[in-house]
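Labels A, B and C are assigned to the chains in the order they are written; within every chain, residues are numbered from 1.
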Amino acid sequence: MPYDGPAGLAPRLGAARRRGADRGAPWSLKVAAWAVVAFLHVPLALIILYAFSAEDKSYVFPPPALTTQWFGVAWQRGDVWAAIRLSFEVAAWSTALALLLGTLAAAALARARFFGRDAISLLLILPIALPGIITGIALRSAYHTLEIPFSFWTIVIGHATFCVVVVYNNAVARLRRMNPNLVEASMDLGADAFQTVRYVVLPQLGSALLAGALLAFALSFDEVIVTTFTAGQQTTLPIWMLQELIRPRQRPVTNVVAVVIIALTFVPILLAYYLTRSDELRAA
Amino acid sequence: MTAAVTLDEVSCVFGHGASAVRAVDGVNLGIESGEFFTLLGPSGSGKTTCLRMIGGFTLPTAGRILIGGDDVTMRPPYARPVNTVFQDYALFPHMSIRDNVAYSLMVRKVAPAERARRADELLELVQLAGVGDRRPAQLSGGQRQRVALARALINQPQVLLLDEPLGALDLKLREQMQSELKALQRQLGITFLFITHDQHEALSMSDRIGVFNVGRLEQVGTPHEVYNAPRTRFVALFVGAANVLDGELARALTGHDSAMLRPERIRAGDAAGARTSGAVAEAQYFGSFTRIKVRAGDALLQADLPDGADRPAPAVGDTVHLHWDTRAVHALAGGHA
Amino acid sequence: MTSALALPAPPRGLRLRTSDLLYTRRGLLLLALLAPPLLWFGVVYLGALFALLANAFFGLDDFTGQVVREFTLRNFVALTEPANLDSARRTVVMAVGVTLACTVLGFPLAYYMARHARGASKALLYIAVMLPLWSSYLVRLYAWKLLLAREGAISWLAAQLHLTWVLDAVLATPAIGGPSLSFSSIGTFIVFVYMWLPFMVLPIMASIERIPGSLIEASGDLGAGPGTTFRRVILPLAMPGVAAGSIFTFSLTLGDYIIPQVIGDSTLYIGQIVYRQQGVAGNIPFAAAFSLVPIAVIGLYLWWAKRQGAFDAL
């Protein structure tokens, strides 16, 4: 809530409020703001348009004709489905691991004060803060040195590592907002530590963990750099996309897959947004 | 009969070395079964920490805590026959009122039907029948307080701890809750351990009071004892207004080195037989009494003179002659506390 | 219901004993909670990272192409070769340029969202900024490949507005131009700005939101016009947000190797060199050494940003 200031100031501020601040934004600011938003979204809209383009040899604009045939063609492409399935499984496992590690870390760091606490939160954020290529190369040479062959799990290990911080942030924010007396009240009423976690802490954490999981899923589903280094010959959807970018095979199919990816990632993001939003409203 | 709660040389020290805070310092306390006992003191005096140690939320750094004769010093809260009403009620926001009240039964695996029945019983006891299906957010502060009470009582604990439960309520509601709590305690016969910093509350509700100051228990006694026979200067000044006299003035007026005199025990009268006289420095009208402050030596004596006396209340600048009964004077131990 | 008095305590099962132990010994609880994540990060992440960076001090045997585990500073000497220095300079210049552009473009939007948008339109704007941030990097890159292509939308738009000559002039400019927009430095620049813009908008918005309304009103009341209020009150208080956003734009640009490869001309950026060295050339030691450059730059930048208060704005 905005601080209203000492009593003497109030009448004069009220006058100022009536005088000028209520004008609303100057139209130039409004235009600038919405122009930037358009800048952000026009390219995405364009892809959706291209997915219906009948032209298959180039990226000519405007598209000569519109058709939905490419959706059918894409549906037939086995390599696309395989890539989607792999991305899905990797994201699912990475999210599960990130949930576990992130929640444990959040539980430890939310309220405790001990030596090294800041260092640990920095450590959790490092995989995302440092450029992906460094994490990627580091993992790859580690696998190489330890003679671990590339596999599904080599990808998951990399993904889980940078997804932890997403879950951690959401969990820590919620834990800090939670009334600490709730845990004490639960124990006072006879619940031991495990029962307290089950009946009081987890329900409180619930939507924050869900939001974190959704974001982690989206992050993993989209990741390409670390994946390139840890996947060997396997193809996740982003890797498939990258190959198409460098050496296009069937442009229209790429367009269709791009649209599908947009749709697939919009959903978890919107859900996560509504989950954390209602949380903030409740806390206010 | 075994005391309900015993504290034996209990201390709680936070931090280490030079910056260590002795929140509770060597406290010895015995609370009788069925008593309404109040821990009274200013913020930071250690009363809350004491309560938390009895409840098991903070572990003492020295000493023993016994409940019903059992040594529970290191036991977690769920292993103690004690329940707590928290200052902010701490109701579980994601559960209904009924589930909140029945929580401790659920944890002990009592059947759902039985749980619901007993929860409703308790809700009736605190005069909240019918709200069982609502959520804590939908209730008012006073209602939530009753739910917290019901939740803590459903277990029939040996001791009920109440951590400044009435602090958030407005005056009218607070007074109402005070008499309700007192009646409830008498009806149930459970030992109540109540915390407050409001001395009026303590005096009106308690069987006995323990007065805390910087981690130490300065006095334990009935409200009457604590008010009329305070052991130390701090207790005298904290529980009600007091004139505390020391040194020369004390010896001259009372014959003790250090003494306390309550303002309402001083009367204004004739010059003959007056203990002391002086000019009125301040006068405030309070309706049922007038509070005057009178110069006596270098001290200001405060006297609360009842209204409706056969003479008009003194005004600033008047000379008054003060009288009091010898028995109204109480010698304080140890001079300066 | 057990009577509260007189019964001896029942034997405590394993779960209760564990619970008691964790309750009375908080250190143990902390250890139990932290052990899995710390083990994971310590072993998997830090282990791999140190192993990589240790490589920076090793060399490559010219004959066998194997890594020779002897301490040498040869890689760091190689860093000072003109081609590498060039690339480092180019990458840093791009990172700075992108950061500036994102700030200039992002600030009006952030300001509008924080100070003027209300209710439904604010929620809409927030989602509108957040969605690109979280949605697929490659898809957004792909979209620009389409836009920037010779036959793509931008060329078409320029033709419609009879501004093709402007486009050609830009493309002919050395250093930023190229054969087509989708293979040029200016194209790379535009795409970088597009990619990281949401990362800049959200922290700035958060910073401005945190400015108490009463400060701005007081400024007006004390006689400052809107421009002065902006310069003297709002801008300084929004700087931590700018610093926070710039951490992302800077760091992400420094390490990226995909955008320059897909959109850029044939000049190399740090990320690309590192990628090639560890890949085709198998020269992990040199790749590791070159990786230290962005790490060092980011480290310095983080230190500067922390002093600007960026960490509080995150």
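Everything that follows uses one rule, which is that a contact is a pair of C-beta atoms (placed from the backbone, for glycine too) under 8 Å apart; a residue touches a chain by one contact, two chains touch by 3 or more.
Predicted model, so just to flag it, every value in this text is computed and none were measured.
Among the other chains, the CA centroid farthest from that of subunit B is the one of C.
At the centre of the protein atoms shown, by the Cα-centroid criterion, sits A.
The geometric centre of subunit A is 14 Å away from that of subunit C, both derived from CA atoms.
For this pair, subunit A with subunit B, the centres built from the Cα atoms lie 53 Å apart. Inter-chain spacing, taken between the CA centroids of subunit B and subunit C, is 57 Å. The residues of subunit B that reach two or more other chains are 76, 78, 155, listed in rising order. Annotation for subunit A: residues touching 2 or more other chains are 187, 192-193. Shown for subunit C are the residues in touch with two or more other chains, namely 19-20, 23.
For subunit A in complex with subunit C, the touching residues are 2-5, 9, 12-13, 15-17, 19-21, 24-25, 29-30, 32-33, 36-37, 39-41, 43-44, 46-47, 50, 58-62, 100-102, 104-105, 107-108, 112, 114, 120, 123-124, 126-127, 129-135, 137-142, 145, 157, 160-161, 164, 187, 192-194, 215, 218-219, 221-222, 224-225, 238, 241-242, 244-246, 254, 258, 261-262, 265-266, 269-270, 273, 277. The residues of subunit A lying in touch with subunit B in their complex are 179, 181-182, 184-193, 195, 199-200, 203-204. Taken in their complex, subunit C has these residues touching subunit B: 1, 4-5, 9, 19-20, 23-24.
Subunit C contributes residues 15-16, 18-20, 22-23, 26, 30, 33-34, 36-38, 40-41, 44-49, 51-52, 55, 105-106, 108-109, 111-113, 115-116, 123, 125-132, 134-147, 149, 151-153, 155-156, 194, 197-198, 201, 212-214, 216-218, 220-221, 226, 247, 251-252, 254-258, 261-262, 271, 274-275, 278, 284, 287-288, 291, 294-295, 298, 302 to its touches with subunit A in the complex.
Note for the complex: subunit B touches subunit C at residues 59, 68, 74-76, 78-79, 81, 110, 155-158.
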